[in-house]
Amino acid sequence: MQRKILMTDCADERGLIAKITSVCFKHQLNIIKNSEFVDNLQQRFFMRTELEGEFHEEQLLADLQEVLPQKNQMRLIDAGRKRVVVLVTKEAHCLGDLLMKAYYGALDVEIAAVIGNYETLASLAGKFDVPFHFVSHEGLTREEHEQALLHQISPYQPDYVVLAKFMRVLTPGFVKQYPNRIINIHHSFLPAFIGANPYRQAWERGVKIIGATAHFVNDSLDEGPIIKQDVIPVDHNYSAEDMAKAGRDVEKSVLSRALALVVNNQVVVNGNKTLVFK
Amino acid sequence: MQRKILMTDCADERGLIAKITSVCFKHQLNIIKNSEFVDNLQQRFFMRTELEGEFHEEQLLADLQEVLPQKNQMRLIDAGRKRVVVLVTKEAHCLGDLLMKAYYGALDVEIAAVIGNYETLASLAGKFDVPFHFVSHEGLTREEHEQALLHQISPYQPDYVVLAKFMRVLTPGFVKQYPNRIINIHHSFLPAFIGANPYRQAWERGVKIIGATAHFVNDSLDEGPIIKQDVIPVDHNYSAEDMAKAGRDVEKSVLSRALALVVNNQVVVNGNKTLVFK
Amino acid sequence: MQRKILMTDCADERGLIAKITSVCFKHQLNIIKNSEFVDNLQQRFFMRTELEGEFHEEQLLADLQEVLPQKNQMRLIDAGRKRVVVLVTKEAHCLGDLLMKAYYGALDVEIAAVIGNYETLASLAGKFDVPFHFVSHEGLTREEHEQALLHQISPYQPDYVVLAKFMRVLTPGFVKQYPNRIINIHHSFLPAFIGANPYRQAWERGVKIIGATAHFVNDSLDEGPIIKQDVIPVDHNYSAEDMAKAGRDVEKSVLSRALALVVNNQVVVNGNKTLVFK
Amino acid sequence: MQRKILMTDCADERGLIAKITSVCFKHQLNIIKNSEFVDNLQQRFFMRTELEGEFHEEQLLADLQEVLPQKNQMRLIDAGRKRVVVLVTKEAHCLGDLLMKAYYGALDVEIAAVIGNYETLASLAGKFDVPFHFVSHEGLTREEHEQALLHQISPYQPDYVVLAKFMRVLTPGFVKQYPNRIINIHHSFLPAFIGANPYRQAWERGVKIIGATAHFVNDSLDEGPIIKQDVIPVDHNYSAEDMAKAGRDVEKSVLSRALALVVNNQVVVNGNKTLVFK
């Protein structure tokens, strides 16, 4: 008895739910949960079908191909644990939360390695017996540094790369190695306060709410598809540093919850947005 | 071209989604949105299927009956505007919000009438050209008063009866006239502070958050299936009256949003709980 | 027995609380509530002192002047009801909430008049017996239209001018007539989505939370001191129109709560920010 | 240059702010922040005054005694780091968050020791070089177990005892050793779901929001003064276990934030409630 997720993403037409679920039924697979979404503007159909049973994967995909309007419009994903590599700089809170959750089973991930452009967090990774690689950016061009990072990351064959307060902008060259598989936490309620020092920006603007945003990374800084956002109230008693301090709890919680959605195969990228299925 | 909602509620078995959506496909109906839920404990299957097209209703239901495990397990509901009767006592905020929203099309309901056990809100109903009936409880037994209420309500043949701060407990005799069709707003975050004067109870307990709960009414006071809840923060500066004042905004918003979900056919009762489909 | 608010705003120095409250004590005034804030960057001291008793206003202010570092650094404000004029365009929800709350005493304001650049909401104002003036912008320059607005507003001598979804940008010439006395509701979580059609912008960006912002109006569009913000979650099922619909409830609640804070004399402008005292 | 907090709690009378702050001024102390609250029902005055300067503590307290209506109504507290002992059972999330925050300076506490009635979390404490004591309850009466706990706790002379998912009820005999100094996290939005297994209770009731409550422990289970509460939305897709899992993030965040308020001397107990000063 296995559990797999069938992800369909194809041109919309009438009858798709019936066709796809009928194939699953014919294969004697039990549908644990089925969620669909139609993007009416793009005329595009998305469905997440959580299946349980004995899979004859090749035959299943072939049978599905026959009923779908186009070829190769679906993926069958194992429901199990995902492997991630975490990139960090100096701040401990997001990494600490991920390590704790992975260690105690609150997040279905294996943290294969932590890579830092500073050595600061080596000891934290060590506490949880996770390998840490120090890849300094000093004296390197951006491209050289990214090559060095990729050199460390790729042997781990991660399902996802998580930027847990990694304070470096990544180039398109890096990003295309892991399309829609790099998750970043930005310390503001995007698109407010794009770029550097968002808490100072928030403080200067006098906002009454601050937030954090987890998103997939694409080629434009802070512009990738948003997965999860959350906010907390602040008031005039907060200095910029108080906001940063209060914001850290939101950052770590938003990143962890976004990663949970992603590794649970609930998130689908649709252009520059995400669908997050229940 | 019509739009209808097919609501299925039956014993769970494999293949139900395929069977039901195949019947819809055969009828050339377009599925706008499909949501399902399986109650594993009760082995019960629920599905909400929003359909568009030309309906041959009798044939459709007959065809569906054939594929379902039991008879009469589904309903086909028109997607249009619902008719409601609102019961009130003296407080204006919930009624005002419903009247405003109905009048300006923000809520897909026709408020057929407002009935009060005091005359206080007659003028408010009048501002929006809604008939108001004054049905005093004075000098009447509870049963006599409810008979008088039913006498006023039933000619309107409401889809739902909304208790918008109606400060009277209803007997099972009344409730069974409108099973799962009476919606109440309770001014607390249930099940905290059941019963009278919840804001005073909240103030006495020194809670830091207060809330409101919209629920279907069943035979036990404040015990019916919860549709919607929301909360707001309070602090030690709030008196019980300040809490009540702040809470009124939550009450009206929770009641309006619960009613929107209900009239949009997104809410299904499952025992003493609700399923709220997106 | 009267109640007044003493608002102090002066250069910071040691002993100010002692000096000011000692003067109040000498005048046998009871301090109901005292709140202070020091802006360390600007070296500026702010205090809100809610006083009760018999006021000898001239003498009190003279005595206070003597202990303060500079002249004319405080104001004594009556705690009573404030008079507002509301400017609208076509959307009813914010105006409706203000009218309901003013009518039923949930907001301590007298709505002296409603002025619209369309006639759409005349009937709504009429329901609550509030005068409505139609001041069309058609065929007028921006300056001419603002002159026409001021001509209608100024006879009412409002304490505050409330822009309840007034969809026109005001020029500095207008704004300076009511410095820090014009309150606007912007339908986004500022500074995200400044300018036109924020819900469409939010939908296009794929945000997971939307919000509204009430702020004082200054010379730059959507840049004035923020008084209150609130947000609600949305997901991929929301169209831009669904977001707008859901957002309206936040808009009206944020505007009403901001106005409540302002008329209760809890809000002080400090540069481009507000202090909001409890 | 030192920083101390003056906490006043006395019968209310006119002029207290002036009197107390004048004494501070006479002592050339700078008031960093001053917050007061009057409990009108109890006729009780509370004030928190954050002071900076050179303290002549004995003289200051003597001078203050002279102006206060009763003797011994104030405390002068050092603003520095507090020492805590944490009691746990088997769940790691709250302890992990406290250890991370203490270790990285996000919480101004020294965790002197962790004590568990199971050995489960010894390794977690060890990761952060915090002593762990295993004090099993097996084979002991409740009183004997509490004596064993006190025997381990008291040598550390903690300012506060934190129950980080310590799943044992404490007797009044234990509680009176640390009056208003024991902080518990309860995994529900109190007073909803008092007692055992609140997530199952919440799931059975079908609530749409779950929460957590940090409170001081007094003699009645789950009845002590509430310090902080927070909530998150859930829906019908959540099993009781899903609620528990989602709730853990709220629990740890509520406990950490409550502890931050307490060690920052912002929390004052007033009967069975707390005042939480900004």
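Each chain carries a letter (A, B, C and D) given by its place in the written order, and its residues are counted from 1.
Everything that follows uses one rule, which is that contacts are C-beta pairs under 8 Å (C-beta built on N, C-alpha and C of every residue); 3 or more make two chains touch, one makes a residue touch a chain.
Every value quoted in this text rests on a predicted model; they were computed, and no experiment measured them.
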Going from chain A to chain C via touching chains takes a minimum number of steps equal to 1
Taking each chain's centre as the mean of its CA atoms, the one lying farthest from the centre of chain C is chain A
Separation of the C-alpha centres, chain B versus chain D, in whole Å, is 41
Averaging C-alpha coordinates per chain, one finds the centres of chain C and chain D separated by a number of Å equal to 37
Note: chain B residues in touch with at least two other chains are 235, 237, 278
Counting only contacts in the complex, chain C reaches chain A at residues 37, 189-193, 205-209, 211, 225-231, 235-237, 270, 272-276
Listed in rising order, the residues of chain A that touch chain B in the complex are 14-15, 17-19, 21-22, 24-25, 28, 30-36, 38, 233, 278
Note: in the complex, chain D contacts chain A through residues 92-93, 96-97, 100, 103-104, 106, 127-128, 235, 237, 245, 248-249, 253, 256-257, 278
